[in-house]
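Naming follows writing order (A, B, C and D), and every chain is counted from residue 1.
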Amino acid sequence: MREFMIRTDLALEAKEQYEGESGQIKELQGVLVETSFLEGTNGNLTKVTILNKEGEQALQKPIGTYLTIEAEDLPRPDEDYHSQISKELSRQLLTLLPEQTRKSILVVGLGNREVTPDALGPKVVEHLCITRHIRLANLPTFLKKEYDISGIVPGVMAQTGMETYEIVKGIVDKTHPTAVLVIDALAARSTKRLNTTIQLSDTGIHPGSGVGNHRKALTQETLGVPTISIGVPMVIDAATIVGDTMEHLITALEEAHMVQGLNQTMEEFEEEDKRQLILELMDERLRKMYVTPKDIDASVEQISFTISEAINQAFAV
Amino acid sequence: MREFMIRTDLALEAKEQYEGESGQIKELQGVLVETSFLEGTNGNLTKVTILNKEGEQALQKPIGTYLTIEAEDLPRPDEDYHSQISKELSRQLLTLLPEQTRKSILVVGLGNREVTPDALGPKVVEHLCITRHIRLANLPTFLKKEYDISGIVPGVMAQTGMETYEIVKGIVDKTHPTAVLVIDALAARSTKRLNTTIQLSDTGIHPGSGVGNHRKALTQETLGVPTISIGVPMVIDAATIVGDTMEHLITALEEAHMVQGLNQTMEEFEEEDKRQLILELMDERLRKMYVTPKDIDASVEQISFTISEAINQAFAV
Amino acid sequence: MREFMIRTDLALEAKEQYEGESGQIKELQGVLVETSFLEGTNGNLTKVTILNKEGEQALQKPIGTYLTIEAEDLPRPDEDYHSQISKELSRQLLTLLPEQTRKSILVVGLGNREVTPDALGPKVVEHLCITRHIRLANLPTFLKKEYDISGIVPGVMAQTGMETYEIVKGIVDKTHPTAVLVIDALAARSTKRLNTTIQLSDTGIHPGSGVGNHRKALTQETLGVPTISIGVPMVIDAATIVGDTMEHLITALEEAHMVQGLNQTMEEFEEEDKRQLILELMDERLRKMYVTPKDIDASVEQISFTISEAINQAFAV
Amino acid sequence: MREFMIRTDLALEAKEQYEGESGQIKELQGVLVETSFLEGTNGNLTKVTILNKEGEQALQKPIGTYLTIEAEDLPRPDEDYHSQISKELSRQLLTLLPEQTRKSILVVGLGNREVTPDALGPKVVEHLCITRHIRLANLPTFLKKEYDISGIVPGVMAQTGMETYEIVKGIVDKTHPTAVLVIDALAARSTKRLNTTIQLSDTGIHPGSGVGNHRKALTQETLGVPTISIGVPMVIDAATIVGDTMEHLITALEEAHMVQGLNQTMEEFEEEDKRQLILELMDERLRKMYVTPKDIDASVEQISFTISEAINQAFAV
């Protein structure tokens, strides 16, 4: 969870804002979208490729590949099901990391382990099959794959006084991994994405993305090696839920002929302006809050296992 | 945090709904309110006494005494300040528990220790100076006060499969405390109450209060001994923040002459109906969510110490 | 881990003390021993049945059945292997609990979650599939078995000020389970048992067993329903390791002709007297210590999953 | 706790091995020892200065200053007492860090937070008043001291796959602190040191010290800035307790005329050879174990607060 939560961390949701109510997709310059059904999981895989500056502008996300696994049953504690998802995730992870980049993988578990929805990253690292020190010591292992896995939980700025970038870049410069995997809890625009969506991307992590602070990003550009992010929406920001409910209210009021023309008025606002308006109307304290499901502890536990398992399968067992 | 969050757990907020915009207080039958300044803490103590059925009806809270300490600086990590608050809390605690009820105090830490804002109760019990077993074994202690303190963290229903009442009642029947202290994270109506308010009450805890399910309550009536609750608002429910922001929006729209009469329309709704309307308009998933500040981990840690310290001072050190 | 650690919590080890150096078993009145090989696990199942007072006297354990699974690879993080062990454990658990006692199972996770080797019980309860509240509410589940599972982590006396018995008995009297499962970390006599042995017994838990304090025991007699214990040795007490090493030293010294007759002198001591002698020679502070492997955190995590899985398989999924 | 535990991490204990039974101190070349009484704490401060190679050889510790606070009541949960110790510790810390090195302090919490006695370092960092990010952002604080504090919990090799040195050196090179404070749980030779002794040293941390692996050390030489260590004995290694008890046994046996000359034989061994002998006689598994008090969780909690408080006083509040 980045310090300043953004509208949506999901390329999939950014794209959906361009879809009409009928489900029709407006054509987007510089963006490729492919969707396929994931057998055995009752879920979908969507690949959004942002090809150029035009696509970057359209979705407000950097050029790169965004793979999204959507699986409604992800919150269910069904081991066989999670095993299917792990396998798919593992497969997709390897498509983003060509053979020559797999020799030594550093997994970075972002977030605050003391805040339930933000503990996803730290918990993934906890469950990993760490192997780098064993291989460096030339000790035998029972593992099938010969890649090195190392892991770090850097903590958040209030705990360390340091930028995550400073910590990770320092470690990368010293231990020379061939790729970095960054795990993070994300903010979603829609409640239906919470705990049901996993996004992989080769663009790394851009805290406060769009705000232009590239100094802090964890990307191939800043770290010097391919940097893949794995994110799962765990919170919604408060402005989003207010905005959604308000739209429903206005529609209801118009249908009841209690007001007129308000919906039209609201539609004239750009999506981003509408959000800005709501933020201004919200209590200042509310802007520093997050919204999360009451059973988030169980979801974080479950999904962190599924992701660790995928990484272990790709690079160890 | 109760399984179904209610509008407000605070008697103080229930009372405020009867205050006009000018700050004037409408007279309430059956309710006494006294406010005093707390020297050295820049805070207030408000005592709301609900005297009879009329007061109960007016505030939708059971007959009893509700002491509320309001202290804006409570989230600040200032040790001397927290020491002042602990002393005041300790003093107020003793006003609710006459000498003959202090012999053996069972402290119950409600909530889920795995969910950050809900871990307040468990953390208070962790920091307590537990003495009952030492006294039963007739071992010497260095403590000044001669009361027994015992503690239990019962967990939440999803972890135990049992009602909190079943667990606590079972333990009370077996260990015979002379009073029970129940610590719980509360839901507040207003963001400004979060982490700045501590409520003590001799009415115990009524999960889903107003809904009429008295079977589950932890009160003198159900447990057989005086039952004091200590609660601190740690979350707001999603409907509350939507409602507040919408009122601001409608006012802004009217002032801009973009709509007319909507505020009046909304005012015709009863407070509770308005809330019901919002709940209906909200995404179903959203109803099972909570809203909490991003730095809630630090607040829970700090305030749990302050409360433990107050209990230790009252009954042990 | 009981407050006062005893020589061995394992019936298997108690029995072994009667075996000669050649591996021959002295005949024990009132004790039946059967051993079988566990296919697919490279392990053994030993069933020790103590039939009467004579057997009780011989092994210093109460009359009852003790099933011990020995599996050297238990500390290894191999999922398929642990799945085999879970299945076997599940099967054995059901042999101790006839159909009519399975309707509602209360699982009690003994121990202190803040002390790594003692966190086994609490961690087992964390991973359980809790169902009692779902069934009481008549909600649908996806589970195949129709038994109720509830769980409690009572904490240790230093945290609660209460006897574990008081807490568990109170809850049993209130929630009426048809059987109780008690999970506990044990003390072993030999390092080779650590993390490689799981003991099931229908005799429950006798803290400070042999010392005659039946008031605190968790057994069918005290709780009123069948009470099964599941224990895994996680610590050795300090006197044991001193004794073992000393025997090796004396043998070595004699072989080097540096001393004579000391081994013979030591052999004249009864096993229990030898231990008493060592305890007297040990630093007083040392008697309150435990010995545990440096990687105990990984073992507790792994084995707690294996046990939860066995319970879930027996009564839920 | 270093991966391979050494005989003693305490300079004070190294020195004591040169003291005769009468308490007389043999003169040590290259070593200065000063002891003073700590008023109000019923404790002592001992300053051992190793001046040159001769002293280094004698105590098997690097050249430098070792300050040891001995306070028998340290395990007692008495707030006023701990406040005294914090003040003294804070004072001594500042004597090791001249003004020009205090501008930006990086605190490193070594150890495994999942293993109770090894969690001291991580817990100290948790309780710190972290300020670096606040000052870098030029935000106002309420603090009196103007130094930057940052903190990191690097984890242990089994969790990260990396040497602690690699992680810390990487972060130091990136964030440029003016001094590093390393907090670690230590191994002591004597049970009476457990939880009663705090050692400060300007020589940093030498994992497996004496073994000559300077690559992994955290010292001024390797990190490039003054590196102070703060350590508290939390465990004893198993060989130590076996050795101690055996000496008592042999004395007892000789006094009972059951053996003769064995004590003399044992005394002919060098301290280090005796230890080596015991290690060989011990069960191989036992060598990978640690011995720790049963109430270690409470001690770690208490003492970590005392140390954080000392650091906060020295550099923040």
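The rule is simple: contacts are C-beta pairs under 8 Å (C-beta built on N, C-alpha and C of every residue); 3 or more make two chains touch, one makes a residue touch a chain.
All figures in this text were calculated on a predicted structure; none of them were measured in a lab.
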- Message: Comparing the two chain pairs, does B-D have more C-beta contacts than B-C, or is it the other way round?
- Response: B-C
- Item | Separation of mean Cα positions, chain D and chain B [Å, integer] | 44
- Message: I'd like to verify one number: the distance from the centre of chain C to the centre of chain D, where each centre is the average of its C-alpha atoms, in whole angstrom.
- Response: 35
- Query: In whole angstrom, how far does the Cα centroid of chain B sit from the Cα centroid of chain C?
  - Reply: 42
- Note on the structure: Touching at least 2 other chains, the residues of chain C are 158
- Using the contact definition from the top, classify how the chains connect: line, ring, star, complete or other. complete
- Which positions of chain A touch chain C when the two form their complex? 76-78, 129, 142
- Tell me, which parts of chain B touch chain A in their complex? 1, 112, 114-116, 158, 191-192, 194, 236, 238, 241-242, 244-246, 248-249, 252-253, 258-259, 261-262, 265, 277-278, 281-283, 285-286, 288-298
- Residues of chain B touching chain C in the complex: 125-126, 130-134, 148-155, 157-163, 166-167, 169-175
